[in-house]
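Across the two complexes that follow, chain A remains constant while its partner is chain B and subsequently chain C.
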Partner chain A sequence: MSDHGCIHLNNFKAAKGIQPYKVIHSFFVTSTSNEARVRKAVSCLCHTCKSYKDRLHSCLHCIFFGCYVKGHIQEHAKTKKHFLAVDLCYGNILCFQCGDYVYDRELLVVAKAQWSETAKSLSLGEFYRTWEPSLYEVELLKKNPRRRRVVENSTIGLRGLINLGSTCFMNCIVQALIHTPLLRDYFLADRHHCPQPNRCLVCEVSSLFQEFYSGNKAPLILHKLLHLIWTHARHLAGYEQQDAHEFFIATLDVLHRHCEQYSQVAPLIVKDNPHHCNCIIDQIFTGGLQSDVVCQACNGVSTTIDPFWDISLDLGPTAGSGGPSSGLSKEGGGAPTSLLDCLERFTRAEHLGSSAKIKCNNCQTYQESTKQLTMKQLPIVASFHLKRFEHSSIQDKKISTFISFPEQLDMTPFMSHRRNGNNNSAAPNGLHKNGEDAAFSDNRYSLFAVINHEGSLETGHYTAFIRQQRDQWFKCDDHLITRARLKDVLTSEGYLLFYHKQILEYGRNSKV
Partner chain B sequence: MKTSPHQTLVKAGDRDGLKELLRRRLVECGWRDEVKLICKEIIKENGQDITYDALLAMVTSRARSRVPDVVKKELLQKIKNQLLAQEEKLKLT
Partner chain C sequence: MSVTNDKIQELNRCFLEFMMKPENVDSATKEIFEDLLDEVLMGFIFDIHRMTKTGSSDVEEGIPDDESYTIVDLPGLDVFGQHPVKKSQECNCPNCERGVAASRFATHLEKCMGMGRNSSRIASRRIANNSKDLTSYGGVVSDDDDDVDWSLNNDKRKRRKDRNGLKKLKQPRNANQRNGAEALGELAYGVNNDTSPSNYESMSLEDKRTLLQQICGVVSEHTKKLCTRSMRCPQHSDDQRREMRANLEILAGQNNGTVGQEVGTGLHVDVDGFEEADGQGLRESLTRWDREGSCHSSPADSTSTTSTSSVSRKRETKSKGKGKTGKRDRSSPVSQPD
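The block that comes next holds the complex of A and B.
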């Protein structure tokens, strides 16, 4: 069926324009205001049988409401010769002369705008709509009829990386980035438009994605990438083993700075992140960490929010908890054994002690205080760094304790509004007035990459587990790629853990 | 006139919110894609000119049975909560 409507609808539009449709839509289909919602609640009943369901339609000619299931709208159409009706659930147009629903491009645009209006008036994020190709994209698809279909056991996107000395620290980070779903989508969709393609690191990453998904299976050599990173992050230059975590952060930073330089591209998903940058790196990796410092004398709170790209988690026993011998310490001390332990500890209020008095903004005196870190805004990709390497003046050592981490992670308990326990905690299941925020906010993540450091501090080797498709895990050990089980992933030591948000929001309210 | 639970939810905008939540959940769990595929198949078999009513008749029961229990449960819980919250509000005013 075309989207040019039908002759009957076209005649109607020629005579009365789009206004009748718009009015019905804004009052009875989407309800773009509170007033409209009240009218809808009271009057949207079948005029014949008083039902509010059964596929209620409104006559487009005279705003008669009739249900379809019991034939009341049909009856009206026949007796009054009003042959066009609007479905009140979805806003589609039914033409009784054609005997079916008809699509009309012009009215679809009206409907779309109304949906956005409603979302705004209810302060929900943008309503989800599936992607529809524009006319230009339809042309492109027609011109390029070859499609690649990803089947279940496909090895698409898997390629080994040659080790150029001791560059496994780079290889494993590249593997993790290549298999970051949103980053992959960004680059495979050709979103990076570059004025200076020769020396641009982002372009290099972009072509790297093309290489990984080209179908060629030979291991890649990352000469150019390494060279570009060396020139942009000099402290990483040289062939000796580097810390994968440091490399990860440096890479994000270099990419961010490159994007920033040339960014005129429209924002993709998140408009405002705590880093105030719209580059793809910040859209995906940046979250906001809230720090609340509470004065012990006056209870005054000073709050700051800082951007973060990853969360570094301590693995040693809690300082000052007295160790395991003190038994049931109030602080719940001892060393953490799971990622959840680590996060719980990370977001726990911590007493800063008498030697660290801070000037309180409220009472203007130097006082003891407590400090608590919580997640104000979650990133799309949550990266956790387990601090396995301890560097001190006496010795450097590696902590190899087993820290369990889940495949599915819910970050809700570590959010600022939850952890601080001051606001809204009484609302049942979080659906507050007009379904604000918490109603839809879903903070579940799933694991998609794990980087491991095998061996000792001196002779270590980095490898990565990556999720290529749902439930399909692979181990990347430089040029070797082997299939892995989820169990292998979850029982590995874990140095860097990458989680991807399961549910993405489509546009956000600008109020923070 | 007594307002029905349905009307209460429409008035407060909760119905639109819940409807959108349901829509999102169905997209997220792959239900939408599944049903789309079923529809495509039916259209292939019956030809382009199949009417909406005919398609609906063939797809409804299959589509309904594919809605995951967790989604139903979540929605039911949320509807209950909303109605209770509205009731609280009425008591207060």
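The block that comes next holds the complex of A and C.
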């Protein structure tokens, strides 16, 4: 085993360095620039048979391209005694003296950097690469040869949580977070390093992941977590606090703050959006909500984009919002019956009425206007909060109507470019300025956690359904974990719904 | 560059010409597809080849875990195959480091961190006193009388050999129980040496005597406060006044005046020296005293001890006027099932 190439490659590197490889790789393998792409298109032909395919290789010693299938690169190696060649598809090095492809760590690093450069020059997300252990990780893996695999029908990753006295709201949120696929990958990959592990909630969550995947079957006690959250989110501290949604948002907030605070690397603030940092919480949970206010007099649009962690959806019948119902809302009242209904209503243009005139930036007068919310940027985890608890001056009540929600959800209809297309808005046909091809992006989501509230407003109990391994569902009722069927999940009442994006675009997220 | 540009144009021209014929389009589509497929396959092969060659696949493979973690799907059992019985579990409070029953932890923590309805007062007092030991005691003990969320065996505090401290602390037990409780109560007020009647309990014996020469001083049954009217106040009889003063002198005699002086100054008491057993005994006596509902609190008792261990006991004593029952109610939070 070796990632130090071979003796022949090492001799070559000693004599000529890595520059020849760098040049060939950047032009004819990855094509890191426009010029390189033109060159590759024009000159990547077998110098013997003019074929453009059949596994072209480039000689590392001189300028020669030859195909492997018809043996032209071998021929060149033999006659010229140039025994090293680069495969032009993946950039691997073929050593004819060893008769095999050889891998050199130094060159692999060069290659990796150039692939990223290419992706950037094509304004694509980072190319997907399978994980490879670093030298340090290889050492660790050798020292600890035992492997625990999360196979189907395994309880690894499941753990009951002890109720600490009306803390089911916390238990449910923890179950949902622990079963968020990307968050799990982050923490199990040991990505959080922290100088102050005792005060940091991210560290506590990190150790929770260790506990969940430890194979221990006894229920966990989350006393430290509760203490940390109450310490850092004083507003919800206290025994009486019991709303899972509030707790969820507060937890994200504390995690986000601790990521920033305790991270050794200064957080990268993305220019356009000051609220959007690159901490793991923001990468996973933050989306951008676009609000378009259209002046009814001049049709001038003023657009703002705000970050969001979750979307709270009204369940009550649409009250005639003040003014005369605008022609924009097609359907009148009626309570929504499905998540899609709710989202449709959420992103519908709303007439602000004569009592709420807004000064239009365009015509500088106070005018009636319409307001529309749409999804500018979708988060990787879309969290929906069904507003089942209605607090009004008259009475507080719980809305228990059934709202159906799908296992698979496509968010495309609620995207800014789509919704505004139906409207009289600025950008027609979803054409985007920054070359972002929103039309091609995949916005499909799948359900992975549902939190339910059973009981009345005063006394109730929270339970969670969580998904493990694509399609295995479990019910988490504090310390009790039992198997559940998808049907049970989809027919449950639903209070908080968590959806995970199906297709991830790597390196894309930091870009708003 | 112009050479390459020419070549590109040439390529484009050839391409368009070639694509004019429908049969060419078909074969080109097929060929491109096959090319792409070959390339993708090569990618996989290279990945495997590299992993094998660099040895990382062996390293990753490792030795599989031999334990079985198969999900159990039987009625009455959870996925781990366990009977879902609630065992009483314990955890250590990260705030005060005491052992607490897990099912009551949230209730405890709320008070311990000073966030409940009443606990902010406890907490602020604790902060004011800034004593680590007080965190574990002062705040919480007084707040619920049925002290089940404390597990006594978890107490790690070691016994100090400070004889003096011990002696002082034990005193309330030797005195009659009522006195003991009252004595504990007064301590919180030991801090300020104000000579107003409201601060009566924290005063030194001398100050009390002086004060009682000026006012009636009988403790009201309703407000539990000293009567501040003149010596000839019509509400109380001379007998009552006499009894009250006699009590003060009796107690002064008991304590020999020595400890009494410390009340004003010696706030700092070593709780480390305060044994758990003492605490238990104290608490028992406190509750008993509470139940008896004695309401002629005798402020004279107050000079007897300097134990800080029940700083907030004071609150209970003081609030008794408002109703004993009220206190009892709020001090027994029942853990709800959810």
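Side notes on the structure shown:
Convention: the second predicted complex is superposed on the first by the 401 of 512 C-alpha atoms of A that agree within 3 Å, B and C clash if a C-alpha of one lies under 4 Å from a C-alpha of the other, contacts with A are read in each partner's own complex, and residues count from 1 in each chain.
Note that a contact is a pair of C-beta atoms (placed from the backbone, for glycine too) under 8 Å apart; a residue touches a chain by one contact, two chains touch by 3 or more.
If you're wondering where the values come from, they're calculated on a predicted model, not measured in any experiment.
When the shared chain is aligned, chain B comes close enough to touch A:L122, but chain C does not. In the superposition on chain A, contact of A:L340 is made with neither chain B nor chain C.
Judged by the touch definition given at the top, the superposed model places A:Y101 against both chain B and chain C.
When chain B and chain C are set side by side, the one touching more residues of chain A is C. In the superposition on chain A, contact is made by A:V38 with both chain B and chain C. In the superposed pair of complexes, A:R147 makes contact with chain C only, with no contact to chain B.
In the superposition on chain A, A:L188 contacts neither chain B nor chain C. Look at A:V138: by the touch rule set out above, it reaches chain C but stays clear of chain B.
When the two complexes are overlaid on their common chain A, residue A:V110 makes contact with neither chain B nor chain C.
In the superposition on chain A, the residues of chain A contacted by chain B and by chain C overlap at 1, 38, 41-42, 100-101, 130.
On the side of chain B, the complex with chain A involves touching residues 3-4, 6-8, 10-14, 16-18, 20-21, 23-24, 27-28, 32, 48, 51-53, 77-78, 81-82, 84-85. Residues of chain A that touch chain C in their complex: 1-3, 38-39, 41-42, 53, 55, 87, 89-90, 92, 100-103, 130, 132-133, 138, 141-142, 144-149, 153-156, 158, 160, 162-168, 215, 217, 219, 221, 223-224, 226-228, 230-231, 234, 237-239, 455, 459-462, 474, 479-483. Chain contact summary for the complex, chain A toward chain B: residues 1, 30-31, 34, 37-38, 40-42, 44, 52, 99-101, 118-119, 121-122, 124, 127-128, 130, 428-429, 431, 434-435, 439-440, 502-503. The part of chain C that touches chain A in the complex is made up of residues 4, 7-8, 11, 35, 38-39, 42-43, 46-47, 49-51, 53-56, 58-65, 67, 69-71, 73, 78-80, 82, 84, 86, 89, 91-95, 100, 102-107, 109-110, 113, 115-116, 333, 335-338.
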